[in-house]
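Down below are the structures I want you to see.
Okay, so chain A shows up in both of these, paired with chain B first and chain C after.
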Partner chain A sequence: MIQLETKVANFTKKDITEKPVQIHVDKVNIYYGTNHAVKDISMPIHEKSITALIGPSGCGKSTFIRTINRMNDLIPSARCEGTIEYKGANILNPKIDVVQLRKAIGMVFQQPNPFPKSIRENIQLPLKFAGVRNKKELQEITEDCLKYVGLWDEVKDRLDRSATGLSGGQQQRLCIARALALKPQVILLDEPTSALDPVSSSKIEELLLQLKEDYTVVIVTHNMQQAARIADYTAFFYQGELVEFGFTSDLFNHPEKKSTADYISGRFG
Partner chain B sequence: MNSKVTNRIALSLIVLCAGIMAAILLALLGYILVNGVTSISWRFLTSESSTFLAGGGIKDQLWNSFYVLFLTMLLTVPIGVCGGIYLAEYAKPGKLTSFIRSCVEVLASLPSIVVGMFGMLLFVNYFQFRYSVLSGALALTVFNLPVIVRVTEDGFRALSRHQKEGGLALGMTHWHTIKKILLPAAFPSILTGVILSAGRVFGESAALLFTAGLSTPNLDFANWNPASPNSPLNMFRSAETLSVHIWAVNTNGIIPDVQTVANGSAAVLVICVLLFNLLARGVGKWIHQKLSGKA
Partner chain C sequence: MMKASRGLTEEALSKQTDPSLLKESGLFKQLTNRYSESRGKFLIFSCALLMIVAVIAITLFLMVQGLRSFVVDHINPWTFITGMQWYPDSATHPSFGALPFIFGSMAVTLLAAVIATPIAVGTAIFMAELSQKWGQRLMQPVIEILVGIPSVVYGLIGLLVVVPFMRIHFGGSGFNLITGALVVGIMILPTVASIAADSIRAVPNSLREASYAIGGTKWQTIWRVVIPAAGANLITAIVLGMSRAFGEALAVQMVIGNARNLPHSLFDPAATLTTIITLSMGNSTTGSVLNDALWSLGLVLLLISYLFILLVRFLSRKRVL
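Then we have the complex of A and B:
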């Protein structure tokens, strides 16, 4: 706890210029069948900032982040209520075009999931589907994205090799690169470093700090230090409820609720 | 008994079972090949069979086997793969889906002679296709379709759901994700299933007795017009396949060299299936590499 405090101490409320809210989450409830997994969540997501969702396993944070780009549609028993307002529309509206939504709000998963195809195809396949046909343009975007995630020098000579031959950390950066290729505004990351070694994890963290200059980043993490290190805002979820939301420095240094204090000091979770 | 001993006993039993299995397989293959290879000659493969004289070949039967196999696969693979994709990706869990799935299972476990009788009633008599290549291929389609559906569904289900999520999260539609990501990824397991079922189809006899028939018109291998009655490509002529031929010469053959012809045919059948397996595996590996990039 003391260690944590020193780490976030130089990072106080005043240093952050508050960015406008990009996504308004209002009274969102999510059910799996009769299981009420996420209860009445309301919170803002600020643009070009990192918002971290923390909490113990099964607290609903992953369920919630997967709702922001409607990945929960894949689960037949899942049902959502409430509104998530983005660009004046409710994301949860069944009539919304999820394909367009997912292009604007990209997602990176816990387990790096490159397609069992070449590195080049991994980036260009979704691009082609999005309508980019020009070969030169495809090539440029591929190069730009790989450079952005710091992978270009490592893979430029093996773009036609299978992406499954990359290391876990490289695979995860490739997954971020291919999400960026679609020029999204928001990137959701569901525990992106929990399957990676510490060196690869810290590379991803650096990348996330770079990402927030251009994108809105929402990250679910099990690792409180990670949230403390990189997030501007932190939301603490517990048993499906949003217990506390605020600036990361405030939440870690002066938690308002007792369960938040207990969790961040390692008393449970 | 301590756990180490138990472990050893279990291991020995498993090795023993595997050994017995391999031994039976090798003995069977060896027996067929040793007895049959001597009867195989270029003449045997390229001459017509004879009804009562010694020295007949199996040219037409061999051709018929491949032709029926080709038509069957042409019918079953597209339909079966689509059915499997439907069951794995689109069908919502419910009564209809489980009904379809049990139909597939029942169909897969039908004895082939029953499929043959059904084929005779429906294709040969009702649709008036007579004893023909087409009737045979359709009967084998009934026999093979559920296998392909099963193999495809299992192949798709064995894929990690992360692949599908990856495709959808990148703004691709469900169908595009299936077409570009899941199907290529499931391809090796589907291909393995198709090869195995092809072996079964190639060696099938009971389902063909009453559908493709026990005789072949004098085929003219210079005439490739599918409409002419003695063309190898004609689908409406009767066609005795290799495995039916083995059955026929053994049960009611009056040629003096029944044993030689039967042994030779059996060996050719086995060799074809083996070659077919090896070739298809090679091709599968090559296509998989094309689709997934070099390792």
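Then we have the complex of A and C:
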């Protein structure tokens, strides 16, 4: 814990130049059948910054992040109320074209889930879905994306081998590269490092710091140190409610609510 | 290293071993001890052994019987497999050429697969991907009923519906190769559909999520992600259907026409290995040349069935691309 505080201490508020808000979340409620999983969440998501969602298991943070690109539509019993405003439109509006939405708001999951196809195909499939046919363009984007996530040198000689032969960390970086292929504006990551070893995790963390230069990043994490290390903003969720939201340094150093203080000091969760 | 550690154990055991910690020694004691695992193991092992013995016994028995025609009756195996003439009852020159039946079996099987595959895979996609609720409530029982219908019923329907249809629209007697394939194709449809649906359901949900998360539509997800991921198992479903079609005798026999000549078109009558065996077995006496030749047909059938199984094993093996 001492280590954590020293790390956060030199991460002070004045280091951050506040970026404009890209996504406005306003009074969002999510239900699974009769289970009220997420209660009245309102928070901003700032452009080109990392927003971390922390909280104990079952606090609704994954449910919430999966709502931002409407992945919860896949669960028949899930129901959302409220407003998530992005580019002047409410994402939760049933008239929204979710396919276009997901092209602009990409997602990376807890378990690396590359397609059981070649590494090349994994990057190119989203492009093919979007109708890109030009071979040269496909090839260029593949190379760019793999270079961006630092995977190019590791896999350039085996692009046509199966992606399932890569290590867990490599698979997760490939999944991030795949999410980048369509040049989205927002990347959502649902506990992207919890299935990885520490070395692979730290590589992903470095990558996330690089990602925020070009993309808006929202990450769910179980790992408080991870949030402290990389996030600009942190939201603490507890029992479906957003307990506290603020600059990461403020939230970790001067939590306003008692439950936040208890959670970050490891007293529960 | 190994030796040292084993030595250590023995030493340790000899020094201070509580007898209650040691395994029961002696087969009899192991089998009579109420708390021994050996009794259960023995029972299960016997069941498994019985299966293996049955397979080996059937194979050996068919081998012994099926090879008689070549060894005892001196039929040339090559002319048996490639011969076109099947006249076992000719007094002067009895000939045993099984090619028309081998061809008939193959043709019925392949055509049945061609007819059944698209419909079965479509049904499977509907059940497993598009409408899981209806798939569970309506399609699953429907398919189970279809699987349970005896083949003679399929044959009867073929006889009363498909044969007259063929006669009216394509001429001839209506008893022909394509009628047989159609009846068998419909018969294997539920088998293929239900295994195909299982293989589609077995595709991990994380792949579907991955596809939706990169802006895939439902259609793109099914065709570009789910079907390829189910790939090998889908082919297994088709091959299993084919092996069922290959072994079917009754329904085929009722509608195929049972001609001993090689058919020249889909609308010619034909015969298959199974139909000729069931038709002729009753008319032959044990030990006669015809009887031996029929056993040989059975052996050919068994060998080709083994090939199907090998094919299934080959296709469904775990592979890293």
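We take it that the second predicted complex is superposed on the first by the 268 of 269 C-alpha atoms of A that agree within 3 Å, B and C clash if a C-alpha of one lies under 4 Å from a C-alpha of the other, contacts with A are read in each partner's own complex, and residues count from 1 in each chain.
We take it that contacts are C-beta pairs under 8 Å (C-beta built on N, C-alpha and C of every residue); 3 or more make two chains touch, one makes a residue touch a chain.
What you see is a predicted model, and the numbers here were worked out from it, not measured in a lab.
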Subject >> When chain B and chain C are modelled together on chain A, clash or fit >> reply: clash
Original post:
Does chain B (first) or chain C (second) touch A:211, or do both, or does neither?
Top reply: neither
**OP:** Quick one: classify A:161 as touching chain B (first), chain C (second), both or neither.
**Re:** both
**OP:** For A:119, decide between first (touching chain B), second (touching chain C), both and neither.
**Re:** first
**OP:** Scan A:176 for contacts with chain B and chain C and give back first, second, both or neither.
**Re:** neither
Original post:
Can you pull the chain A residues that chain B and chain C both touch?
Top reply: 69, 71, 74, 99-100, 102-103, 106-107, 109, 111, 113-118, 125-126, 129-130, 161-162, 164-165, 175, 178-179, 182
Subject >> chain A to chain B touching residues, read off their complex >> reply: 69, 71, 74, 76, 99-100, 102-103, 106-107, 109, 111, 113-119, 121, 125-126, 129-130, 160-165, 175, 178-179, 182
**OP:** Going by the contact rule at the top, pick out the chain B residues touching chain A in the complex.
**Re:** 92-93, 160-173, 176, 180-181, 184-185, 291-295
**OP:** Report the residues of chain A in contact with chain C in the complex, numbered from low to high.
**Re:** 69, 71, 74, 99-100, 102-103, 106-109, 111, 113-118, 125-126, 128-130, 161-162, 164-165, 175, 178-179, 181-182
Original post:
In the complex formed with chain A, which residues of chain C make contact?
Top reply: 204, 206-217, 220, 224-225, 228-229, 320-321
